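Below you will find the structure I want to go over with you.
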Amino acid sequence: MGSQIGEIFKISIFGESHGTAIGCVIEGIPAGTKLDLDLIRKRMAQRKPGQGSFTTPRQEGDRFEILSGFFNDHTTGTPLCMMIKNHDTRSKDYEKTKSLLRPSHADYTGAIKWHGANDFRGGGHFSARLTAPLVFAGAIAEQLLSEQNIKIISQVASVGTVTCKSLTDYTDIEPLLNQFDETPLLIHSDYEASVLEEIENARNALDSVGGVVETLVLNMPVGVGNPMFDTIESELSYGLFGIPAVKGVSFGKGFDISKMRGSEANDAFIMEEDMIKTKTNHNGGINGGISNGMPIWFRCAFKPTPSIAKPQDTVNLETLKEEKLEIVGRHDPCVALRGAVVVKAVTAIKIYDLIRKEMSNG
Amino acid sequence: MGSQIGEIFKISIFGESHGTAIGCVIEGIPAGTKLDLDLIRKRMAQRKPGQGSFTTPRQEGDRFEILSGFFNDHTTGTPLCMMIKNHDTRSKDYEKTKSLLRPSHADYTGAIKWHGANDFRGGGHFSARLTAPLVFAGAIAEQLLSEQNIKIISQVASVGTVTCKSLTDYTDIEPLLNQFDETPLLIHSDYEASVLEEIENARNALDSVGGVVETLVLNMPVGVGNPMFDTIESELSYGLFGIPAVKGVSFGKGFDISKMRGSEANDAFIMEEDMIKTKTNHNGGINGGISNGMPIWFRCAFKPTPSIAKPQDTVNLETLKEEKLEIVGRHDPCVALRGAVVVKAVTAIKIYDLIRKEMSNG
Amino acid sequence: MGSQIGEIFKISIFGESHGTAIGCVIEGIPAGTKLDLDLIRKRMAQRKPGQGSFTTPRQEGDRFEILSGFFNDHTTGTPLCMMIKNHDTRSKDYEKTKSLLRPSHADYTGAIKWHGANDFRGGGHFSARLTAPLVFAGAIAEQLLSEQNIKIISQVASVGTVTCKSLTDYTDIEPLLNQFDETPLLIHSDYEASVLEEIENARNALDSVGGVVETLVLNMPVGVGNPMFDTIESELSYGLFGIPAVKGVSFGKGFDISKMRGSEANDAFIMEEDMIKTKTNHNGGINGGISNGMPIWFRCAFKPTPSIAKPQDTVNLETLKEEKLEIVGRHDPCVALRGAVVVKAVTAIKIYDLIRKEMSNG
Amino acid sequence: MGSQIGEIFKISIFGESHGTAIGCVIEGIPAGTKLDLDLIRKRMAQRKPGQGSFTTPRQEGDRFEILSGFFNDHTTGTPLCMMIKNHDTRSKDYEKTKSLLRPSHADYTGAIKWHGANDFRGGGHFSARLTAPLVFAGAIAEQLLSEQNIKIISQVASVGTVTCKSLTDYTDIEPLLNQFDETPLLIHSDYEASVLEEIENARNALDSVGGVVETLVLNMPVGVGNPMFDTIESELSYGLFGIPAVKGVSFGKGFDISKMRGSEANDAFIMEEDMIKTKTNHNGGINGGISNGMPIWFRCAFKPTPSIAKPQDTVNLETLKEEKLEIVGRHDPCVALRGAVVVKAVTAIKIYDLIRKEMSNG
């Protein structure tokens, strides 16, 4: 109840930031799939912290071990369990401040929900570290989708006040797809410097900063998604809001569409090379919750990393007194940076699951 | 697969705009509940079209009949089926233009998904009329939540370029709660005139206009919601994106939070009358996917009604030729108006379901 | 929670014996299916009581009405709601004895579970009448399975001490398949007289009698079923134990296999017309929870109808005193008789659902 | 899809007999539970093979490691992952005969289902070894149930032609409960010698033998179970048929009830110490799918171990020729023996899950 995503391609996430191990059990990988372990490693590297001054310096390793469902380099059709041992866990960083509730973290809600039995170290099960198994599973989904030529591209679209060019404004997305396959950061090279400067400024101010991740799903077949509730929007947003720090999800023109008139917002149908297309894509490739063949297009808003070095006002859960909190330890000043590859992973998981469900429709 | 929402308080929606009947089957109403039929009728009236020039003039009636699970005025604990017969169905309006794909409607995606077997009349299962059973079920959830003093308020927050005062900016929300219990429209009286003028302008231009609905859940207990994926954000957004025309959902400061710094976005913990509260509520009452006792606060972006009187470019699905389409028939120029009570209903359904699930945690 | 069966071909049952209506909502019928309404009517007639002295004389009518998901004689792909109005409901038969707990009925458990709010008339939601929507849905599944040449045959295998020849002992099952397509009772003609005599004897003794229903699923593809828990045995038994009065389910040799040795029980593999088959079928066509291509073969034990005319010892729920109960009203003396077509329906629903799930495996 | 059981107390099983590790992820253990690790070890020892000549001599170890959801000796409320490394895996035993389909095993069905990608060694995911994580989870459920004084007793009720006294025939079950808490085998001491002799005879004949396991759930509260389909019978049988080799499940008098008359089968209600009870318990403590407060009573039929030393007829999957097969390796001659503690574990899992679900009914 809670830590599971997908129905046919189904992932159970387990682990805490400072426990013995984190990992996942995946059901529904087709039997006989030769896993692209290089792709998995590339994606996990893009998520991995400690790659320079812009992400947390913790050296997590993220060396995964496959425990089941894998035989002679191929999947067997039965559940695949993947495990990453936790190593570099400076638990003592957290012991000292354990009853000081970190603002906008889950210390308070977790303590109440689980009657104080929650593993508070490093955020426990709430830790962004838990996105590592998501990225593992997402890379498998990405591989399986690419066999149907479906491609996903996610980029950092804005950080603080710096806004990058929208993915929908590129006439040729191919070069960016290629760049993002390999580069550690999912930022267009034209904007990398200014994005990183914005983050550095926040860090220097002992602060953090939010951002937006933008995603396109390309070559999507028409007819995927099930109204009323298993719509593409419902299914994607359900998964995306499971990513720590995501506070908004919008499709197509998103919140801007609320200011538009119908004549402006509607996507007129046209014929293009004998195919039905739409002239614009303000609806983000989705009509009535079902894919219309245009790129699925959406944005996720990430809040600033709640762990900041600046002193903050808070409450001590044991004494119920107000206190000052100074967070030490290692933290990304901008979670949206590593968030991009996580958004891509969740998108791959959900889109692949929807396509598998669609197969059962005959 | 698709038309079901909730796990313990579970609703199966059925019906098409111009079929024999629409309705729902509800499982999980506690046995022995005396249903507040007046509340149900009030909420259904708030959703009902044909109440003046601002909503569609179709006289739907919405007279519901309870077929099961109801005995001596009380629920029995077994599935409750509710049915609304369709009467005023001018199906011929749709026959004429049935192969002309209405832009930003589900005509095209529905036809492809269901191989042309979909009931195209009035949007079929995609019709906003299908929100009537949602409002029915939502009113029952509202009654059950109010027994725990949990209250939900939804308002039209903006229409086109007209923006109303945010619900979070009222020092006393009680008068608005009372107003919205009875009034046909969920707009603060200070803004009603300008909102309706904005809509009238769109209509006079043979056009439609989008809007935003804003919601607060008051008196929410701490500790509801299950990470990683059955978070309050995930569960609510899953349901909200099932409402036709919703294209964005954001919590707390939403997309604006992506521009903020952590020191500004973080909600500091404070003691208030011996209770832990937060000074601000930028996270919308949710930390780590779990309620923190502050009001749950979120916004939904509605696109403009896709049915507009202006001529539009489209494709004829039979001939695969481009054609002009002129939509006749009766349509709301702004779905966000009736959308507010639907958002409230979905919120009630989802929050009540989450609370019921929480009860199983002991 | 409770009244739903199937995952992709999903049925929600609603209604009480003496309420306004009973029925079901079915999701997952392929769009564009031309429903075989004659087949549905034939199967519902086989379930219908009041067909002679051997089943309850209540004239239920069972005239069904399709409310949604059905357009121009074809399914639309969206939920299909079917309703049967209740007419001939002599509720007063039940009012008199409402606090006298009928032995082996659900009066006591229902009253406790639902705090006395249950609809006690005629067993409410527990009534065998609720199997009518199951048979409706089962007939649709039967039609869809027959398109893949999968056929199901269920027969009354024994009643009391009278045992019919096993379905597996017929060299040619075709004539029986044809007979059972049309006849009101699913009893081989050689045994009909003695079975009915056994029942008549019970009735004359103001008593009832139990029976066994035996089923074969023919032309089952190899590879359907998912270990460990979504095995064919798990899925079928889950559905079959939902049929009122079923107290045992066994596959292949069933309980007799516990007395066998491995060398005797094992089904040796052989080649037959270039196909892998087994020499015997003691495992009922299932190995490791997955179909092996041999007929799926199982038995369901039905208890005797708990409603008998003989006086019985019981307790008055209001006074908590022991009393004598004499049940009047109309009751089958042997539920297994009408149970055979219900078993067939549940089998069709579950096998069709498993096959649909298998399609999503690619 | 397949390897998961439970809804609120939810277990995902992973692993293959000769893979890297087996284990499970458990969601829904209440936060703050101090796990009774001794109880877990006792139950796992009762399942463990290699305890004398009567069970397989493989030394599995079954040393489990908890990877997550466990902190300072208590559960945290988040998913608990348990892993058992595989050590003593003589994979070569299986390589030699890998294309010879073992009769009544899942070699054939697994190979077809997973297109030859299944891990054939030792039965892979079908291996009885996969019941170790079930017993682990079952022991946790047993601990949690015992806090509500609910107790489960399972015994070997018969092996081949040797039949033990039924659990329902003991006037005082307490001594047997105590015995079975500690002893390696769940056989009443009066019958142990003859049961083991029956098994020894089968082994000496290079053969195996079937058996029946009988279970009682004591102190069950009234009102648990949800008609029509989430009945106690449906839920238990769903889980029990997931245990390898189970071919029949029956409640109360089971298949014998089909030969009884209503007057004999009905359980008359009586008052006993101010409580409503039934005079007999032919319905196994369940009316209308809901517990009536009497002991839940059921039987599971186990087939003989399919792996026997005697030569058998089979087919070579590669050559499609008929061949003789001689199985070497280590196998229980009677799986019902170790099956008893597995039945108890599945019962605990399912009953505890049903009780947790019931809590959400308020």
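Labels for the chains are A, B, C and D, by order of writing; each one numbers its residues from 1.
Criterion: a residue touches a chain if its C-beta (ideal position, glycine included) is under 8 Å from a C-beta of that chain, and two chains touch if they have at least 3 such contacts.
Keep in mind it's a predicted model, so treat the numbers as computed, not measured.
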> In how few steps can one go from chain B to chain C if every step must land on a touching chain?
Replying inline: 1
> What chain lies farthest away from chain B once each centre is taken as the mean of the Cα atoms?
Replying inline: D
> Hey, how far is the Cα centre of chain B from the one of chain D, in Å?
Replying inline: 46
>> Just the number, please: Cα centre separation of chain C and chain D in whole Å.
In response: 27
>> I'd like to verify one number: the distance from the centre of chain A to the centre of chain D, where each centre is the average of its C-alpha atoms, in whole angstrom.
In response: 39
> What are the residues of chain C that contact at least two other chains?
Replying inline: 1-4, 8, 13, 78, 113, 125, 227, 357
> Taking the complex as given, what residues does chain D use to touch chain C?
Replying inline: 1-5, 13, 101, 103-106, 108-110, 112-113, 123, 125-126, 130, 158, 160-161, 202, 205, 207-212, 222-223, 225-231, 233-235, 237-239, 241-242, 244, 246-255, 257-271, 274, 276, 278-279, 282-284, 287-292, 299, 301-308, 310, 312-315, 317, 320-322, 336, 357
>> Per the contact definition, I'd like the list of chain B residues that touch chain D in the complex.
In response: 8, 30, 78, 227, 356-357, 359-362
>> Using the touch definition from the top, list the residues of chain C that touch chain B in their complex.
In response: 1-4, 7-8, 10, 12-16, 19-23, 25, 27-28, 31-32, 65-71, 74-81, 83, 113-119, 124-125
